[in-house]
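First subunit A sits with subunit B, and in the next complex the same chain sits with subunit C.
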Partner chain A sequence: MEKVVIIGGGGGGAILANLLPEREFEIVVVDREEYHIFQPGYLWIAFKGWRKEIFMKPIRSLLKPHVKFVHGEATSVDLNERKVLMKDGKELSYDYIVIATGAHLNYDVIDGNRKILDEFGDFYSTVENAEKLWNAVWRTSKGNFVIGVADPIYKCPPGPHKAAFLSSELFSRRGLKDKVKVVLALPFPHSYPSKTIADIIEPELEKRGIEIRTFFTVDSIDTENKKIVSLEGEELEYSVATVIPPHEGPQYEIKPEVKDDNNFVKIDKYTSQIEGFDDAYAIGDCTNAPTSKSGVTAHLQAEVVAERLQGYDARYSGRTNCPLITDGKGIFIISDYDHPPVPVRLSAFKRLLEDLFLTTYWGAIRYPELWQPVFHAYFNATEPGKLVELGW
Partner chain B sequence: MGEIKVDARGMACPGPISALIRAYRKANNGDTIEVLATDPGFKPDVQAWVKRTGNELVELTEEGGVIKAVIKVTAKK
Partner chain C sequence: MAEKNIGSVKLDRILTEDKIEALDKTLQLLSKLNELGILDTVTDILEPEVIERAASLIINPSTLRIVDRIDQLTGTLGKIDYDTLEKRINLLNEALKSIPEKPKRIGLLGLLGELRDPDVQRGMGVLIELLKAIGKAAEKQQK
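Up next, the complex of A and B:
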């Protein structure tokens, strides 16, 4: 039997572990955390006050019984020796390795970023920080609530927009629509990374009185004077602010050097193979693949790697399916390596699909083989090449 | 005075402008940043960016489907 070590028990790692056939592989999942978090849930905790327990489950409970779970931290991976060194000194050897540890959020690049994280929390990093943000927005009764971004590459591109819609809904419901202004500050020329999507979403943001600041890349935060300064030379006052920090790849050592300038693991964007190795893969937010850092990417790359380990020639198309929800409607931002995001219509039905996803999520992680035909039918029906012609 | 080269050919919107923003973070006044891109949206984007930030657009050309923008960094604080 061949031994597969998967570092990371998030969406990508867990789906891959559960997809690999028990008869062919000995499977080990390593994670320094004990709990798997449904990360879009941070928004629900931060802006709707939902309980954090809804969005977390022990990693062990999400893995099939034959998958071994090691609760511990990897400190070094040696791709030549086929070994993973753990913090407690133990070593794991492997026949195949898959790196799936997500993006590292670096709050120390931008002056003041850690300070506002400590003060207000965020909707991005942990359930505790999401709870902190709920308390901060709940206490706010006037001024600007600023949602900022420090680097154009961040996971879940519609995340800040969802935060803007949900927080504006919350302030409206509390009767504070005229007192608290939601400000969405983004590095891009338009209100969304893709102009096609910006054209759809901008009127919705404006309708709700959300102020959009384009070409605003957060450079520093002056916590004393409560001002955010942009790389482009502008300023923004806040009473509460949350800034998505620069992302980086894995912080642990990987030998030989296979990371880019930002520590992202360099892979073949179709096969997920780490450059120069046929027994090492990386999936999800930790890679340099030129696609959105999102759950769907991790999920589809996990399927590709599962197939490849079994000898099939599977390839990832770069497909994204990022949900962007307003207070009552939604769209999915659909693209792949060959197609930029296609124009789509906002609808209540798509919002319903996103809400349904929350209820299917744990099942999709635990039993990916049962959900695969359902997801595949959906992905086939909504291929970007088809949607360009048909519309959706 | 450094010269920073950014190859954003093949990247879809907003890849090239994002690459420029990332290069700009590391740049100093006096440096030049040269960006190559194939996404047609980059042309208006870089013009708008220069206008907003107050840096100097030294060159903006298009040849054989490749857009080349050369920016002199002058507005960093």
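Up next, the complex of A and C:
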């Protein structure tokens, strides 16, 4: 039996662990946290006031019984010696390693970013910060609620947009539609990196009075005067603000040097193999794969690695399926390495699919055999090459 | 021994009269399903490959597009005059069948020549009524 060590029990690691056959592999999942968080839930906590417990489950409960779980922090990975060094001094040797530790959000790059995180919370880091943001937003009765993005590389590309729609709906329901303005400040030329998608969502943003500031790259935050300043020289006043910080790859040491300038692990974008190694893989937000950082990416890469470890030539197509929801409707941003996003119609049905996904998420991780066929059928049916000009 | 007692105490608390009735009925249902062989069948069908095949039949671009517009679709289908459709479906079938793979080009002189054919004349009769109806409906729509 070969030993597979998976660092990270999140959206990529947990699924991968449950996909590997028990008879063939000894599987160990390492995570410094006890809980697996359904990260899109931060939005529901911050803007709908939902309880955080809905979006948290102990990693141990999500893993099949035969999978070992080590609650601890990896401090160093030696790809040549095939060893993982833990904080408590223990060493884990492996036959295969999969790095799935996600992205590190660096709040100390942009001046003032950590200050506003402490003051207002956010919807990108922890459930506690999401709860903090709910309180901050609830207390706001005038001025601007600014959602800013510091760097074009961040997980869940439609995240800020979902926050804009959901917060706008919240202010509306509080009768504050004309008193509080939601401002979306983005470092892109359009309201969304893809013009196809921007054309679909812009009318919706305008309809709801959400202000879009393009070409706005957050440079610093003046917390005394409550202003966000952009590299382009513009200023934005705020009553409440949240800025999605620059993302980086794993902060722990990986020997030899396989990370890029942003610390993301360099992989083959199709096979998820770490460059230069045939027994080391990386999946999810920690890699340099040239596609959106999202749960779908981690999931599909996990499937590819599971197949490859069993000897099949599986490849990741770069497929994305990011949901962008407004209050009653939704779209999916469907693209892959060979196709830019296809035109997708805002519909109530897609919004329903998003809710269904929320409710079935835990089951899908714990029982991948049941859900894989359904997901396969869906991803197959909605391949960008098949949807093409007609879209969905 | 002590553990068994704790278990049976818990069970006693849970199994109230109404729950016992519900449990009994559920077990009756399961017994019936078992007799009919349905339990065995369902167990057999629940294979990943079968689920995948069934899922891909149900989930494809066409069905997804239809389901996405289900409210529009039912609204539109609901407006169709089914009595008329039922009466005219044969005519529609014939009309669709008649469309040639490679249509001939017929100019004014050709048209005049074809108009000597009684079938074509009858067809013209239908077309004129169609044009009148479309014309009237188009005017209604403009208002």
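Definition applied: the second predicted complex is superposed on the first by the 390 of 392 C-alpha atoms of A that agree within 3 Å, B and C clash if a C-alpha of one lies under 4 Å from a C-alpha of the other, contacts with A are read in each partner's own complex, and residues count from 1 in each chain.
Convention: a residue touches a chain if its C-beta (ideal position, glycine included) is under 8 Å from a C-beta of that chain, and two chains touch if they have at least 3 such contacts.
Note that the structure is predicted; figures quoted are calculated from it, not measured.
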Item to complete: Return first, second, both or neither, reflecting whether A:Glu232 touches subunit B, subunit C, both chains, or no partner chain.
Response: first
Worksheet item: For A:Pro290, is the partner it touches subunit B (first), subunit C (second), both, or none of the two (neither)?
Response: first
Worksheet item: Just subunit B (first), just subunit C (second), both, or neither: which does A:Met86 touch?
Response: neither
Worksheet item: Looking at the overlay, does A:Leu176 come into contact with subunit B only (first), subunit C only (second), both, or neither?
Response: neither
Worksheet entry | Partner chain in contact with A:Pro193 - subunit B first, subunit C second, else both or neither | first
Discussion item. Touch test for A:Pro152: subunit B only (first), subunit C only (second), both, or neither?
Written reply: first
Worksheet item: After lining up the shared chain so the two structures overlap, which partner does A:Leu358 touch, if you call subunit B first and subunit C second: first, second, both or neither?
Response: neither
Discussion item. Just checking: does A:Lys386 make contact with subunit B only, subunit C only, both, or neither of them? Give me first, second, both or neither.
Written reply: second
Fill in: Where subunit A meets both subunit C and subunit B, residue numbers
none
Worksheet entry | Complex contact set, residues of subunit A against subunit B | 151-153, 187-189, 193-195, 215, 217, 219, 231-233, 290, 335, 340
Fill in: Partner subunit A, residues of subunit C touching it in the complex
48-49, 51-52, 55-56, 58-61, 63-65, 67-71
Fill in: Footprint of subunit C on subunit A - complex, ascending
345, 347-350, 369-370, 372-374, 376-378, 380-382, 386-387, 390, 392
Item to complete: Flag every residue of subunit B that touches subunit A in the complex, lowest number first.
Response: 11-15, 17-18, 21-22, 24-25, 41, 44-45, 48-49, 52-54, 75, 77
